[in-house]
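Here come two complexes built around subunit A, the first alongside subunit B, the second alongside subunit C.
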Partner chain A sequence: MFDIFKHKVGDVVLPGDVFSFASLAQDSRMEKIICGPGLRRNGDEVLVCKSGVLRHKPANLFWVDSQQKRYVPAKGESVIGIVTAKTGDTFKVDVGGSEQASLSYLAFEGATKRNRPNVQVGDLVYAQFIIANKDMEPELVCIDSCGRANGMGVFGNDGLLFRVSLGLVRRLLVPRSEIVKDLEQLFPFEMVVGMNGRVWVRAQTTQQTLIVANLLESCENMTAEQRKLLFRRVADGC
Partner chain B sequence: MSLMKLCVPGEKLCSAEDCIPGAGTYLRHGHIFASLAGYVLQKNEGEEPPVISVIKETEAQLLPDIGAIVTCKVTSINSRFAKVHILYVGSTPLKERFRGTIRKEDVRATEKDKVETYKSFRPGDIVLAKVLSLTRIYISLGDVQSNYLLTTAENELGVVVAHSEAGVQMVPISWCEMQCPRTHAKEFRKVARVQPEYLQA
Partner chain C sequence: MKDTPLSNCERQFLLKAIEEKKRLDGRQTYDYRNIKITFGTDYGCCIVDIGKTRVLAQVSCDLVAPKDNRPTEGILFFNLELSPMASPAFESNRQSELLVKLNRLLERCLRNSKCIDTESLCVVSGEKVWQIRVDVHVLNHDGNIMDAASIAAIAALSHFRRPDVGIQGEEVTVYTPEERDPIPLSIYHMPICVSFSFFQQGTYLLVDPCEREERVMDGLLVIAMNKHREICSIQSSGGIMLLKEQVLRCSKIASVKVAEITELISKALENDKKVRKEGGKFGYVESMPKERITALKTEVAPVETTDIEMKAKDIVCRTEAPSENMPSPVVHAPGTGQLGEGLQDSWGLEELDELEDDLGEEEEEQGIREQPTEEGKNATKGKYKREVVVISDSEEEEVVILHKGTQVKDLKKQAAQSNQSATAASKKRKKKKQAF
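Let's look at the complex of A and B:
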């Protein structure tokens, strides 16, 4: 059962590809496989739902690594949103999805009915989804389950907000990410990465901010060597 | 009782001497006029003059009353309530779809504040509920919107038929979970307990 999958790890798969186990002998079917994003079980088969590269993590996890620019809200993800409106007790926040998310003004650290948070239309907020599904309006909060801000809330007096693809965002958020380590060698900067494909950076001067933004945008389609070469050229140039 | 003909509002039906105006009619200048569009019905009651009335449908409409068990379909959900369309009252289908609301507090009898609407209902589910009350909102003269307040806070009430995200009808496995037979994924719903007389042994 594993072999059918392992054969294809690292290959490009397309939606509609089927991994069928009906032809196997009865006793070799008893292995447990965890289907990650992009794979779906359909009775005795596993169907591919997204186009991309099939990946494997030891033990038994398989998933499809796909490229996407359009963000779909999912519960628990931290995103950068832009406040678009204040309606009654909630703010309407644009997160780049199909509808705007709502953010209650009580969902900030230390906010009470009398002590309202200082949030204006046009501000950037780093928040987490508590409700995000296809049937309801998504809801954000700027506190964690203990009631602490934990880095979330309004930010970004200066700096630059730009969009990248979701694949690049996932690569940036990996612990000890290669791209971030290489960038740190260049000059000090602050960065906020939202899982909706939005990144905010701020460096000491405007020029450095723009350089960092351009480098991040160009990291999308480069291999590791090309990236290191480019960063070295920039470091020499400054 | 004899069905005469169709009429529209404002049509003169007969003179005031022949009949007594009934429902859907009014008396003006010694004549009876229709105020509704529908069938003209003349009821002969023996010695008294016949009563003439206008009715919309040939059969009387069955309205859900308080305490009745209704079958409804969820149309949209919200973090505070779920909106439904009432399809059947008891076992009789309704010709018109009445609107109903199931509030978050009325979904379960226990742990009312921990209810999540997304884990109880989804749009498209068929739900058995009981009528709590009816509110009529008069938008303008002649335009009334009725909204029924429903509850599922009993073991026998709740989701009866639900489809999974794969589109297949799910099988209930407990009072709060249903499973899709094809993808084997479990989803949360507030499931109605099947009545013993409907179970086929």
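Let's look at the complex of A and C:
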């Protein structure tokens, strides 16, 4: 069963492709496979529902790496949201999905009924989804399960917010990401990456911030060599 | 659907950057974005791109009765629509303030300036005149719709040809484009709108604001001018106080910009006319650049020829040799079937190589090829190679007779060669792309 998948890892798959296990012997079906995004089980088969490249992570996780710009909220993902309204006990936050998410006053570190967090309409928040499915309004929190902020909350009174595609965001969030390493060598800057495609950067001067923002937006469709060449040109120019 | 709100930090950053004379995309204060003008296959259809803002204008004409108070003049009708595909903030069939403002500006700019000779649109005085209708659709909103709309409208009007009309006494005949060449409208001058946005109560000025700059601006000044430095219309909105010198300065800047843009429109019109005369290809499809995404590209194109080989062998073993008569349909693989032997196939050895090459390259570039049909296609190719080609009295020049004995080895070599050539070709292509 593994082999059917392993065979296709690294290939482009299309919605409608089927991995069928009906023809296998009974005993070899006992292996467990975890289907990630883009793969769906349908009885005895696994169907592909997104177009992209099939990827594999040991020991038994398979998923389809696809490219899109529109964000669909998913539980556990950390995103950058913009506060749009303060209503009663919750904030309404725009995360780029089809609905606005709600963020409770009490979901901040050290917040109590008397001690309200200092959040204004139009502020940026870095938060995590605790509820995100297609049947309910998504909910965000700015604390983790132990009650600590862990980097989440309101941020960014300076700096620039811009949008990139989801594929680029995932490439930036990979540990020891190549793009980030290349960028670090240009000049020091701060960056917050939300999985809804929003990125916030701040460097020492406005000009540098603009440069970083433009470079990230253009990294979208470049190969590694083109990117290194571009960064080197910018470094020489500065 | 509501538009994404502008966060406080973006607003602060934009204003700070403008104070330091920096714009988001690196332009100078008086710079326009890249303007691209393309015409469609029909006369009177024009798409204008200013940066990412895209606007489509279409001109059409109709014979109607004239207005009572102007029996000898044609009618001009302008209609601008904000399509919901332009921005999430636009909803269809909603009369928003922006829509009304843009419509009024466009009308004032083009109708009141009398840039089109309406007297020449009269056919029978008091009874029949031409009604010229300009429909402008906004396809993508990235700021400065007004400029793009005015350029598109005037370019489309200059490009448009109306049917020729003949009058014999009482009889009026409208000739179709096949009978007589359609004639262009008579346009005196080209008024073009230039937008100036003001920030911090009029202290800072930017030409051609993009969408984010438009959101933080205090006020907007639109000057419609033609290349003879005649102002056709001025409109200031947002309620800011402008000084006399500022307005004069803006009009000077506008005259420079309008001269450049008019030059661009004339060049585009000439190019289009030349291409049409020479009989070359014209229209939107030709003017669109081929954009190739290379982000998720794989190094080697996975052309599965080994599978095909096995499958082809299977199929050959299973099917019988084709008879002289028309056999019933044979299904080789899901999605393909063969009825009879078809035409004399001239798929010689070299051509099969090329085809596989093409397949390999296409798969690599687009990254997508329907798996079953590709296998099916390859299978049919394999099958064709195997059967003995009968020399019939077809008109084909070259006839290749393939011998059954040497098939298997040849196909294997074929597969290896085509794989190599596919990768070599893909490497060449990659090198070419990197050179950009």
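The working rule: the second predicted complex is superposed on the first by the 230 of 238 C-alpha atoms of A that agree within 3 Å, B and C clash if a C-alpha of one lies under 4 Å from a C-alpha of the other, contacts with A are read in each partner's own complex, and residues count from 1 in each chain.
Following the convention adopted for this analysis, a contact is a pair of C-beta atoms (placed from the backbone, for glycine too) under 8 Å apart; a residue touches a chain by one contact, two chains touch by 3 or more.
What you see is a predicted model, and the numbers here were worked out from it, not measured in a lab.
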Which of subunit B and subunit C A:190 touches, first, second, both or neither: neither
Subunit B versus subunit C as contact partner of A:133, first or second or both or neither: first
Subunit B versus subunit C as contact partner of A:77, first or second or both or neither: neither
First (subunit B), second (subunit C), both or neither touched by A:17: second
Subunit A residues touched - subunit C or subunit B, whichever exceeds: C
Touching partner for A:42 - first (subunit B), second (subunit C), both, neither: first
Shared subunit A surface residues [contacts with subunit B and with subunit C]: none
In the complex, subunit A residues that touch subunit B: 40-43, 131, 133, 135-137, 139
Touch list for subunit C against partner subunit A, complex: 4-13, 16-17, 20, 22, 24-26, 293-298, 302, 367-368, 370-371, 434
Subunit C contact footprint on subunit A (complex, rising order): 10-12, 14, 17, 51-53, 65, 67, 82, 84, 94, 96, 120, 122-124, 156-161, 167, 200, 206-207, 209-210, 213-214, 220-223, 225-226
For the subunit B and subunit A complex, residues of the former touching the latter: 76-79, 117-118, 122-123, 166, 182-185
